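First subunit A sits with subunit B, and in the next complex the same chain sits with subunit C.
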Partner chain A sequence: MTNSSLMGDRTSVPRRAGGAAGDAPRPPADSGARRRTLRPRTRSALVTWAFILPAAIYLVVYFGYPVVSNLTMSFQDFTTATFFTGEAPWVGFDNYTAVIASGLFGKLTANTAIFTIVSLTVTFLIGLGLALFFNKYFPLNGVLRSMLLLPWLLPLIISSAVWRRMMEGETGILNVVLEGLGLSGVSWLTDPNIALYSIIIVNIWVGIPFVMVILYGGLQEIPKDYYEAAALDGATGWRSFFSITWPLLRPVVVVVLMLGFIYTIRVLDIILALTGGGPANATETYASRAYHLSFVNFEFGRGAALSNILIVVSLIVAAFQLRANKRASDLAG
Partner chain B sequence: MPRALESYSRTAIGIVIVALLLFPVYWMLNTSLQGSENLLETEWFPFELSFQGYQRAIETQLGNLGTSLLISIGSVIVCLAIAAPAAYGLSRTNISTRSIAVFVILLLITQMIPGIVIANGLYPLYNTLGLLNTVPGLILADASHGIPFCILLIRAFMQNIPHSLLEAARIDGASEIRLFLSVVLPLSRNALVTAAVFSFLFAWSDFLFALTLTNGSSVVPITLSMYVFVGAHTQSWAALMATATLASIPAAVLLVVAQKYIASGVTGGAVK
Partner chain C sequence: MSTHRRKKLSALAVAVLPIALLAACASGGGGGGAGGDAGGASEDEELTLSAFDYYTDEPSHTNMGNRLNECAAEVNATVEHRSVPSNQYNQQVLQAIQSRDMPDILMVNNPDLPQFAETGALRPLTELDIDTSAYYESVLNVGTFEDELYGLAPNVNSLVLFYNEAMLAEAGVQPPTTWAELEAAAAALTTPDRYGFVYAGQAGTEGTWTFIPFLWSNGGSQLELDAPEAVEALEFYTGLALKGYVTKDVVNYTQADAKDQFAAGRAAMMINGPWQIPSLNETEGLEWASVPIPVPNAGDDVVAPLGGELWTVPVTDDERERRAAHIVECLNAPETQLETALQNNTVPSNEEVAQQLIEEMPEMASIVETVATAYPLTGDSGTKWPIVNEQISVAIQSVITGQADPQTAMESAQAIVSAE
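And now, the complex of A and B:
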């Protein structure tokens, strides 16, 4: 992307300043005087950039390059054959039209939207509830809170494998419990009408600790005397939540929702491990479909096109979130 | 005293919440200890304790666990070697604040790029460079999970190092490299440990690059092996859950040993 050009610009600033002083041969006396005024600053700026340089190169290779190559690939007929022949003919917007015109695109969009919105909403509400719960001191508070982090630290593939066992047909513990309660079992992962929600459940479980910890951190920043003052005026419970907690927590809420959105819309591990996008594409999202196009069908051009659509959607929604927040805080004064 | 009663009842509720949310973890342990192959339904407790699952897991998965360990440690080294100097550079005040701001924004933008985009773009590159199915290839790719995060985390810490300390070392004639290695790094120990813990966990959890940048036969991290295992419609849940348990050890150990670093990392990384 712009990484490389931008880095080029930035590094050239100190170099240009140094060049002006050092290019032309100068009388030795002058150079001594210069060294004390201009050179050390330029030199130390160059040192600073030297520290940053390896990271800049890494970012160009591992983020800049893939984004650019994803963009160019999406306009090419890039398949397995390309690796042998080296040929990837330009096809304009063919990959995009093929992806969008395929009968699946509407379903993918709906699945992605439901997965992201339901996951994020429920995770946020539960996470907020837990953060509020843990915001009052009680014995073992710290220990319990850090234990709750475990699901978030486990590799997603492991969590997915465990949930797959728990949701397994007749013998999974969820159905054993349901049947024990006299209810009928659920085909968690094999019923096309249910599978998407089963995956959402797992995703919520994984996301709760993250939301809780960040919101808890935000709650801890709110000075306790605000609540004491409000209590003197008779504001407690819900009243104090909506008048003090929520407005002061808002900046943290915005961060949580934005990060949560970005992390949720791209979820791949859980989907691949639990259902592989099935049954009958019931759990296929933009991310999982992009994977299947590129790495199962080896249609890299189309996979790239769909993953670019994924990026654009994420950016648009993130921008909307930021704008909506700005408007709301403007209104609040 | 009603107040004490209230706080103890909160503890009780807290324990119930934790028990509910950690139930899947219990279930993993429980299933892993019920070894017999033809047992379809898992008992609530491992009454007939069996380590068959672990035996099979170790027989078949030890190599893959080792591969994951190698890749994760390599990835931590790459991550710190790149992130720590960059964080120091970005915490210095002798370049324009604007260019620092641009760099920081670029770091944040990298977090918005879905992994599948990176995998998609890297595959042809790796194919050309011969890095597919190699440990170094995965180490470098896995470091991308951690580098932007670690730079931001370490930088936030280094910004608080008092200038006077650095000036004093400069007056004593320390070179810039020396200053970085023997003053800045030791002072940033906490941030470096946090960064190391997280980059380890990110690399250990990596599934996407393992799936896309290998063919699943020569270099097999444990996540990829679990995925293949789960997909095979296995009935030997004990062995699978034993593998899962073994693969959870790093996260569990780090949560106990490095708890304060993890808590600071979760909040620090998100807010910055």
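And now, the complex of A and C:
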């Protein structure tokens, strides 16, 4: 069957070539040759696209579609009735104005910024410290390192529930210990001025393994002879860290910070499990508020608007980080 | 040359394969649902109806499935029963509504009824042949949205005041019936080791609806939060925490947390629902009893929020709706109600059956009494409930955490509710 169709193709070639020659003043032989040379090329282009297609379809369906529909939803008055009737009147920027003018927006922004920056900074520093520590050889290194992965392995909803118990004001283990040491207990989750930082502590605990594992991998990639050579020249300790480790670790650091930022700014489950955004909105961030607007208050348009703001903020920061890294590596190169 | 081409062709085939698989999966996944088909079944054809609820726990899931199928057998049908965890339930239902893949029988948690009924996806039960004469009026109100009855709750529940009998006896305190008595009792029962009273105050519905009996019994309304009745209720309610009779940790307590404190003897009284009874009975050495929630002045009616899961009939086709309605009615049959009530510590929505329950389970007396004068949780706020819920919760929490006084808290709550 393949053979006959190929035969058919072959016989059709001269006729079509002749037709083309009749329409345009082009030498028929040239046209025929062009056709013959083009065919494999178009076919290989086709194959190339066919390989790209599954990924492209995946991206369009699972990334493109949600982003676009979230964007359109944010300009619509989208209610529960919309799900049935399909009617969602366009309201322009009303959802965005409502979200930004809500009086809560300033607090949300401050909470989101504090949560993200403090979480990420502390997580990074501790993660880096641990990675450097485990980069040395000592007994039980492997065992301890895998134990540090535990927070990562536990389902978040479970670890959050355990933390909530531990941070209980009256009977939580943290306060029992503090009071046992003669200190006064802390209203970890019930004082509006403290609750956000308590959630940050939990988030840091959850985030450390991720940072540590990636940085540890980066450290393992740095050839040991660099350090030996530097040691011969008298550079050890901090000096070798800043002159060898840090510059060579930089690409990994950028990846960790960028992924860490994106993971942190959209944290939702820890907040919902620990305080539900309370007390009195003290721990609401963009992400938790967007969730509450959409799925508790059924104000889907506003929820979409706020999550779009969250996406834009993430994009801007990610772009800055990438540019900063590019400039740094250009300078280094 | 020919083999070369064939290689390329097969490469092409390999590249396209995932798409074909994806497409196959996508078309295969759509076969589950039953609703929406325009065709319509004839009367004597056997049908498979689908039912959707959030009873994922055992034995509730199996019990419910059996009950649904027993009822379905009466109308020559079987039921495909699907349960989704309650925290994902509303999202799943909305998705089903959107994709017109609706179940034939849908359970709705009562505060969400206005939202779902408003979509137009539910069939008013009055258009179907259902007898509603034996129900408590308050129960029918729960299933009603804009004067149409959409759902029936076989069993309902509400909130009461639980107290630790031993602690009250030891302190020489009678179970309180008025606000003044409640405060005096809470004060007398507070010791260095325990608080006199506890309630749920976490952000969200659980925290709000524990406060609602105080708001309503004082003549307040969910839509007039800055009215003196509402401010007074908030002042009394949060005052118990500010005076130290209730731990300030309640701003992060769920109803289960409040129960744990009470069961562990760290609080002498609590507001909670009868679904905590099995757990209280399992607690060794705990002697408890319950009374209706205290009212502002002796002789006032206690108006507590009525909760419960409603069974509704989504819009499908005539024959499916007819049979689904029968199943909903059957789920509400007296025997079923009593059985469920005994299993789950709920109140039957049929008045006579409720009286029968008291005979078999005397500890349910206070809750049955409360149900008679209770009012649906979203009764006065309707589709505004989500925002009202959120604002009441913020008001309670800001007063207890010392960020606002009751007057200011309620004024800003009302401002936001009015702006909607």
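Annotations for the structure displayed:
One rule holds in what follows: the second predicted complex is superposed on the first by the 272 of 333 C-alpha atoms of A that agree within 3 Å, B and C clash if a C-alpha of one lies under 4 Å from a C-alpha of the other, contacts with A are read in each partner's own complex, and residues count from 1 in each chain.
In this text, contacts are C-beta pairs under 8 Å (C-beta built on N, C-alpha and C of every residue); 3 or more make two chains touch, one makes a residue touch a chain.
Nothing here was measured: the structure is a model prediction, and the numbers come from that model.
By the document's definition of touching, neither partner reaches A:Phe115: not subunit B, not subunit C. Of the two partner chains, both subunit B and subunit C are touched by A:Pro54. When both complexes are overlaid on chain A, the residue A:His292 reaches subunit C alone and has no touch with subunit B. Using the contact criterion defined above for the overlaid structures, shared-chain residue A:Ser44 touches subunit B and also reaches subunit C.
In the superposed model, A:Ala81 makes contact with subunit C only, not with subunit B. Shared-chain residue A:Gly276: touches subunit B and subunit C both. Contacts of A:Ser187 after superposition on the shared chain: subunit C is touched, whereas subunit B is not. The wider contact with subunit A, measured as residues touched, comes from B rather than the other of subunit B and subunit C.
Looking at the shared chain after the overlay, A:Tyr96 reaches neither subunit B nor subunit C. In the superposition on chain A, A:Phe124 makes contact with neither subunit B nor subunit C. Comparing the two complexes, residues 3, 6, 44, 47, 50-51, 54, 83, 164, 170-171, 276, 295 of subunit A contact subunit B in one case and subunit C in the other. Looking at the complex, you find that subunit C touches subunit A at residues 2, 5-6, 8, 11-12, 15-16, 18-19, 22, 90-91, 94-95, 97-98, 115-116, 118-121, 202-204, 247-249, 251-252, 266, 386-387, 389-390, 393-394, 397-398, 400-401, 403, 416. Against subunit B, in their complex, subunit A makes its touches with residues 3, 6, 10, 13-14, 41, 44-45, 47-52, 54-56, 58-59, 62-63, 65-70, 73, 78, 82-83, 130, 133-134, 136-141, 144, 146-151, 153-166, 170-171, 173, 176, 205, 208, 210, 213-214, 217, 252, 255-256, 259, 262, 265-266, 268-269, 272-273, 276, 287, 290-291, 294-295, 300, 303-304, 307-308, 310-311, 314-315, 318.
Residue ranges on subunit A touching subunit C, taken from their complex, read 2-3, 6, 40, 43-44, 46-47, 50-51, 53-54, 57, 79-81, 83-85, 103, 164, 168-171, 187, 189-192, 275-282, 292, 295-299. Considering their complex, residues 7-8, 10-11, 13-15, 17-18, 21-22, 24-25, 27-28, 31, 40-42, 81-83, 85-86, 88-90, 92, 94-96, 99, 102-103, 106-107, 110-125, 127, 140-141, 143-144, 147-148, 151, 176, 180, 201, 204-205, 207-208, 211-212, 223, 226-227, 229-231, 237, 240-241, 244, 247-248, 251-252, 254-255, 259, 262-263, 266-267, 270-271 of subunit B touch subunit A.
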